[in-house]
């Protein structure tokens, strides 16, 4: 499933969102940063992941109900020695704040890895809090 | 510690389960997918990780008390260019649903990496909700 | 942001702490384990990450308010075939227990990866519970 809602009292729920990989429509956006995909393009792909996160939250709870994004864990498909994952992940972080304002600010772990599903460039997992009543 | 219980009201607790690596009895099941370990065998190993998760939850709270598995984050020891982590992780996901039914459905992030403890093939971290009273 | 507080009732809050990379003062401690950085040195760097976690919690809630560390997810920049991430991560885990006692015990996932921000040796993400009133 794409989302799980867990009540934490006061009419609020945690929402865990499944890992969202970089896609454009039905097409997975693949390739390693920076030798196969530039930092700028990877950053754009992280932004697309964040849009998918918002889309998943909207489908189950409505974007208006978001009280705060708590945590974003982001993985960038990385060549060895690549260390600009924070810059790439800013694509996701900036989008969340553009759409949600202060509620979109979040804690983040930016990480690299040598392998992701379907060789996607970026994957992010997210936890947020929404109004549930 | 293997599990941490955190009350979230209404007689429920979050349970965080420590990373469970692929084992059979005392033996760690090692090797990279797909060049050292086939996708089918890695899938079986992911299933064993999920059994370990259930065993840890059972020891502290009893499987009957599981209300929902919230999140599974799974790492597959991966050769570069390998992208079938979702297929491998289905071994874990399917087991959770077989044992727990609807309560076993969960959000998931399937990830690859170049290195895991003791060169285990799979490691998964899990968050669930259990009845605590 | 470095921390997010989320009320879970009974005067308690979850606190998510952003990924803390290995640093000493302003300097990022970089390099892969074990070919560029020894296991002992990486372990010391994991300890420094845990100090950063405590510093972040202290800044927002005070260390006295920590009720329990719930989850530590730790990534060690790893050469292929390296599998001593648990030993490295003990640097972080032991520090948390030294400072916080029983409250510092936690569930943990120790993981390896081929790439981390700025080529830091260690990065850890943490979830804890603090008294919020």
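Structure notes:
For clarity, chains are labelled A, B and C in written order, and residue numbers in each chain start from 1.
Keep this in mind: a contact is a pair of C-beta atoms (placed from the backbone, for glycine too) under 8 Å apart; a residue touches a chain by one contact, two chains touch by 3 or more.
Treat the numbers as computed from the prediction; the structure is a model and nothing was measured.
Least-squares overlay of CA atoms from subunit A onto subunit C yields a rotation of 120° to the nearest 5. Homomeric contact subunit B/subunit C: same residue numbering on both sides for under half of the interface positions.
For this pair, subunit B with subunit C, the centres built from the Cα atoms lie 21 Å apart. Of all residues in subunit B, those that touch two or more other chains are 8-9, 14, 73, 113-114, 127.
Residue ranges of subunit B in contact with subunit C, taken from their complex: 1-4, 6-9, 14, 16-19, 73, 75, 113-120, 123, 125, 127.
Across the complex, subunit C is touched by residues 8-10, 14, 68, 70-71, 73, 76, 78-86, 105-114, 127, 129 of subunit A.
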